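Before anything else, here is the set of structures, which you'll find just below.
What follows is subunit A paired twice: with subunit B in the first complex and subunit C in the second.
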Partner chain A sequence: MNGSVAMNHESLRKNLTWWMAAAALLVGCGKVEPPPFRLNMTQMVSNETPTSPEYQQEIADVLGAMFGTPDEPYAVPEAGLDLSRLRMAAGAAWSDEKGTNHGLYRKHCVHCHGITGDGRGPTARFLNPYPRDYRQGVYKFKSTYNADRPTDDDLLRVLVNGVPGTAMPSFSLLPHSELEALVEYVKYLSIRGQLEVSLAAYVYDDLGEEAEVDENGDEKVDSEGNEITKRIPLDPVNDPEQREVVMELLAEIIEGWESSAEKVVIPSEDHIPADNRNAEEIAASVAQGRELFFGTRANCVKCHGPTALGDGQQDDQDSWNKAHKKFLQDMVNAGDQEGVHPGIVASRAEVVASIYTVRNAIPRNLRQGIYRGGRRRLDIFWRIYTGIAGTPMPATGPASPGAQGTLKEEEIWNIVDYVLSLPYETPSRPLKALPVNLEAVN
Partner chain B sequence: MNTEPTIAENRSKWAHRCAWLLACATFPLIWVGGLVTTTDAGMAFRDWLTSDGYLMPFYPWFSSAGDKFVEHGHRLLGMTAGLLSIALVLVTWRTEPRSWVRKFSLVILAGVILQGVIGGMRVVLDQRTLALIHGCTGPLFFALCAAMVVFTSRWWQSVSVEVETDSRRKVLRLSILCVAMAYAQLVVGAVVRHSPYMLSETAGALFQSAVYLHVLLALLIVGHVLLLAWRCFRNRLQVAAGIGLVALVAVQLSLGLGTWLVKYGLPNWATTMFGEMAFVNREADFLQATIITSHVAVGSLIFVATLVIALRFARQLGLGVVFLSVSPSLMTEVAR
Partner chain C sequence: MMTINSKHLTGCTRVAVFAAIALATFASATAADWGTLKGRFVLDGDLGEPTALTVSKDVEYCGKNNLVDESIAVGEGNALKNVFVYLYLKRGKSVDIHPDLAEPSSEPVVLDNHGCRFEPHVALLRTGQTLEVRNSDKGIGHNTNFTLLKNPAFNEMVTNDSPIKKMFTKSESYPSSAVCSIHPWMKAHVLIRDNPYMATSGEDGSFVIEKIPAGTHEFIFWQESSGNLKKLSVGKSKTSRKGRAKLKIPADGELDLGEIKVKLSDLRK
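Now for the complex of A and B:
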């Protein structure tokens, strides 16, 4: 027995050593760098705004000063963002003693939409469609005119309802305060991303190289008589003129977001179909909608197809995929890239490799009864009236308040009736197509 | 070839009962641990060993809700497993004649402490990688508990050793391969679960590689488990266990598909084949949490089931005989 006890002591001693080694390993694991926002490299190395690594760093610095980091977000007062909501949504996920959840974006969104909101989270490549890239400030499902920003309510609606038929879930179980914080953070990432693009354009258009001058104001030349130039740094902190430009760029972006509530499309009361229509009235509206669907003015048949199964034109892309496709084509056609900053050339191959497979925008199969932007009559009205921003689905209503639209409101309501009737038609025996339908397809 | 029946007759049932109790407490622990990850409740408290400053048993658990309820439930179950491990050590050292089984109970105690420390460090350091490791080591501890149940069972101590044949040796090798693959699948599954929340540049590549590997391993496991069940049947060894394992794998496959569906929807290729998903997933609702967490838990169950089958094969083929050679004097002492 003594031998056995001695053996156990030995075993315990070994276990203890092992635990200490493990503890040391764990402590070593504890040092983690806070995650940074990533630059929009597709923009930085594009043909449109090629941005040298020095400028890339300066843009990152300016954005850092104006928006903080993913762990410690900040927004200049001019941005009009609610800092307390941003702080609730940002940083690592944890709960305080009152049970208030923090780090909401990292808990619920980051795995698909990415830390920068670029739609490139770890799971993104597998998802269909790819998660939204917030950085252009373009959102599909909203109540405002096509080119306008969404309202807070639009973003909130997507969070609560999710996007049917996609990986975007409903977050309806979250408390309202958490949803509001997430909406604020999504706007923050959008505004930050939009300013990043604007800064890249500003740097490309207005900064760059300038001639060096001597104390007499004459341009300096080297021994071979060539002009000596120097880079104008992006330094809004020390350059009041640059600071003014940067704040103007920000104001322009903010104006788009703050005015969104005024850009909501509110259907005219006169044209909203009554709730108590009889079967004949509905059938008449559906027939009218069908004629418009196949007609040349609405021309829905072009993409949604003569059977409305979404089998019309399928070779177009949404703006996000189109931008990537163009970038890839530009890189193929770039040739030897003479004259391009070597730092940009070096990054381009990496950026090309990081771009996901370009996917076509497949028109919605209207016979399934799955409506990504919501299934209320009003939601479908908005889709037809304002189009779907960033996609080939065009607006049939006016592009802005007071402008002329392709269709009148009552006609749009007719199409709404027709679209909502489609899931109830027998798909295998679609109604005989109108002659105009055949013309459009052939 | 028969082993000594007297050992089985003289054995104490308490160690076995205690081992069962521990294993039964560990399975829900694994389940709730999976739920902690599903709901991302790991950082519901920023402190450990305490919960919001309360010593673990004194935290007002029933007054809590959401993440805190889930995470503290996991902690309480962990504490229960720890206490049961201590009880197992005491009972085993008091009643078990086989010294290697007594030492094994210490391994279990060390395992539960280590697992607790890793879980605690995950909280204190707020480290996703440690959460991943904690998720990988949890099933190992469950496996230790299940092994203890097997070692202390009447069957283990009284079973007749079968004649070793080439065919039976192959079954043993196959079962060991299944154990290794089932565990590898758990590790890869843990990477699939945790890598989406990692913030490094390589997290995407890690997730994608892990998903492909997870699918590949699933196919390999299905093939090997079917083969194992077939060989069990042919050799008349562990037939019921083999059938049970096949059933578990079938359930697991359905849960795996369901997990992807309720978390990420249909992938592009599936959409072109089957059309769009006609419903919206709701983040962390009952259905989603149940399907995903069950997938994690059944994965552990498969690993443990393959291990139990492998151990029983080994025992039936005589590899366990050496463990039973306790000295008669020790037996007398324990009986007294």
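Now for the complex of A and C:
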């Protein structure tokens, strides 16, 4: 895996001309006033990476050069993104005389997911759960290990099925080519958003103010004896070292997306329950699954509750809401904000006000039989094996190929049987038959 | 032990001092000499009684442990525990490592779910070293939800007698947080670095980092509740807005920052 990153770096380093080309492209489309990509302001004014307005502008410029605009998307060749698909999904919605639809994202998705893919379209505030913010590259309903990016097939499945029980609709009526274009565009917005966060971290960690040195390498001081400092701009077009870093940051992100197909959890043939099991066999498996559900190893009961109504631990948040919660707390704690760049302080109140109400992650009510990530046995298997990324729901299988997991595959299949039986079980039963470690269930 | 505070220097000595520093920095490139950094954190302010945590799950078991908020923790005499001090390195830069410390320890760093809290509350881990997440709360299920930025994050169940073992390949810039989603009050921080130059302050507030290549280095001062410790007086220097201070490590000697006073009002405003 590392080898291929290294290779990527090599090829990226060689191919630097696109920077110039991309910068030129930006200049070329200055006349129109398209809806702009918005900066990730919670990141920019955060305690972790406070980013001055000058740096914010420079980050926006770098992203502009590398990704273009919502009307004119661009992608580095190395990103492996298909530009013709991106063009089909981007821009204003219209159809040409051949009947080809353009501007698919703005037509179908933008009012929930927002132009930037920040999950902040006009209707987003009122939805529960909120529409996905793509900018972390984290997706819930996928076939890969918890930490890994989704595959194209995973995203396609979400588009075709929608996310039942949420506002996310099914787009099964769209032609396949349009779905593919939309998947590409979602990835594009993710990669762009991930790079934005990496750039903010890079600027904060490595750039900023630096002491000026004279020709002898000594630090210059003013008449008061204070160090003279200067701001190191983020300028990868003119600074080869920075350019290399930016390309590395991008390569790290792209590596995650390109390797996702190798990170799919494929259940071992030996343990997949046969289709022709009889009622007793199924009942035995359900009973096993039930014991695990209540036991401390799987511990599903603690979150989903003893009646599986989702009424266990409800005090936690998913990673998107948790980040907002932390941000709000940090801002409350920020006090007089002494030493923080005034340009950052100035925008903090506005950013705080823009944040949607923080919502807790409520474990699923498993008696309703509505599965947001799909109702096939394989879907439920994936949820339990890998957990649900970005949410409190933990993995019970290994975290990566070859690692050790908490549960064995056959045990996970037992739990799948139990979960799928829950909508048909009367809720009073598990209470009566309460389980192995009764004392541990509050 | 010479620390720069150019304000107190006249023009003439200033030049001499800077020349000396330049020389010292240059000398460190040969890395023959090693030094120590140490100090002791003291909380300036009255923390009062620690706040009891709201135990909302496994109340019978977890509730009996008198769990308190550990985001600011003091020992005897207001000694401030759990402050991270570590070497700052620019992206792509490395540091000479003392031969004794070349290899990370083959002993794992243990993070135990114990009494419905993480033990220890802070830990240091080198890349290539094993992190072992254990659950010694018999009959209680925990999960460990680890937020990492440079390494793959994870969120896994931890069973009694069957620890999760992890190894990381990349340095994280800041301590990473581990929580338990079943018991969301549980929190720990682990700093993952590809070099050994890091420490946390202990029960008595003191920390020590040994065998650092002599010369001037930047160190980060970080505490859980406020992140980077800004404008902190460390010996004769002060940390920057990013919580970093340039410190000169003497060859075959030590830089003792003495008592480092951290204002409570800077941690909890």
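Everything that follows uses one rule, which is that the second predicted complex is superposed on the first by the 397 of 442 C-alpha atoms of A that agree within 3 Å, B and C clash if a C-alpha of one lies under 4 Å from a C-alpha of the other, contacts with A are read in each partner's own complex, and residues count from 1 in each chain.
The working rule: a residue touches a chain if its C-beta (ideal position, glycine included) is under 8 Å from a C-beta of that chain, and two chains touch if they have at least 3 such contacts.
These numbers come from a predicted model, not from an experiment.
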Touching partner for A:Ala279 - first (subunit B), second (subunit C), both, neither: neither
Partner chain in contact with A:Asn47 - subunit B first, subunit C second, else both or neither: second
Partner chain(s) touched by A:Ala353 [first = subunit B, second = subunit C, both, neither]: neither
Subunit B versus subunit C as contact partner of A:Asn101, first or second or both or neither: first
Which of subunit B and subunit C A:Thr123 touches, first, second, both or neither: first
Which superposed partner A:Gln313 touches (first subunit B, second subunit C, both, neither): second
Which of subunit B and subunit C A:Ile115 touches, first, second, both or neither: first
Residue ranges of subunit A touching subunit B (in the complex, touch as defined): 4, 7-8, 11-12, 15, 19, 22-23, 26-27, 29-30, 32, 35, 70, 92-95, 97, 99, 101, 103, 106-108, 110-112, 115, 120-128, 161-167, 169-174, 359, 365, 368-370
Subunit A partner contacts - residues on subunit B that touch it in the complex: 40, 43-46, 52-53, 64-68, 99, 103, 106, 110, 113-114, 117-118, 121, 125-127, 129-130, 195-199, 203-204, 206-208, 211, 263-268, 271, 275-285, 288
Residues on subunit A engaged by subunit C in the complex (per definition of touch): 2, 47-48, 146-148, 201-202, 204-206, 208, 216-219, 221, 224-227, 245, 295-299, 302-303, 312-313, 315-316, 319, 333-336, 338-340, 387, 389, 392-396, 399-400, 404-407, 437, 439-440, 442
Contacting residues of subunit C [partner subunit A, same complex]: 6-9, 14-15, 18-19, 22, 56-61, 90-92, 139-141, 143-145, 147, 149, 152-160, 162, 164-166, 169, 173-174, 181-184, 225-227, 230-231, 241-242, 265, 268-269
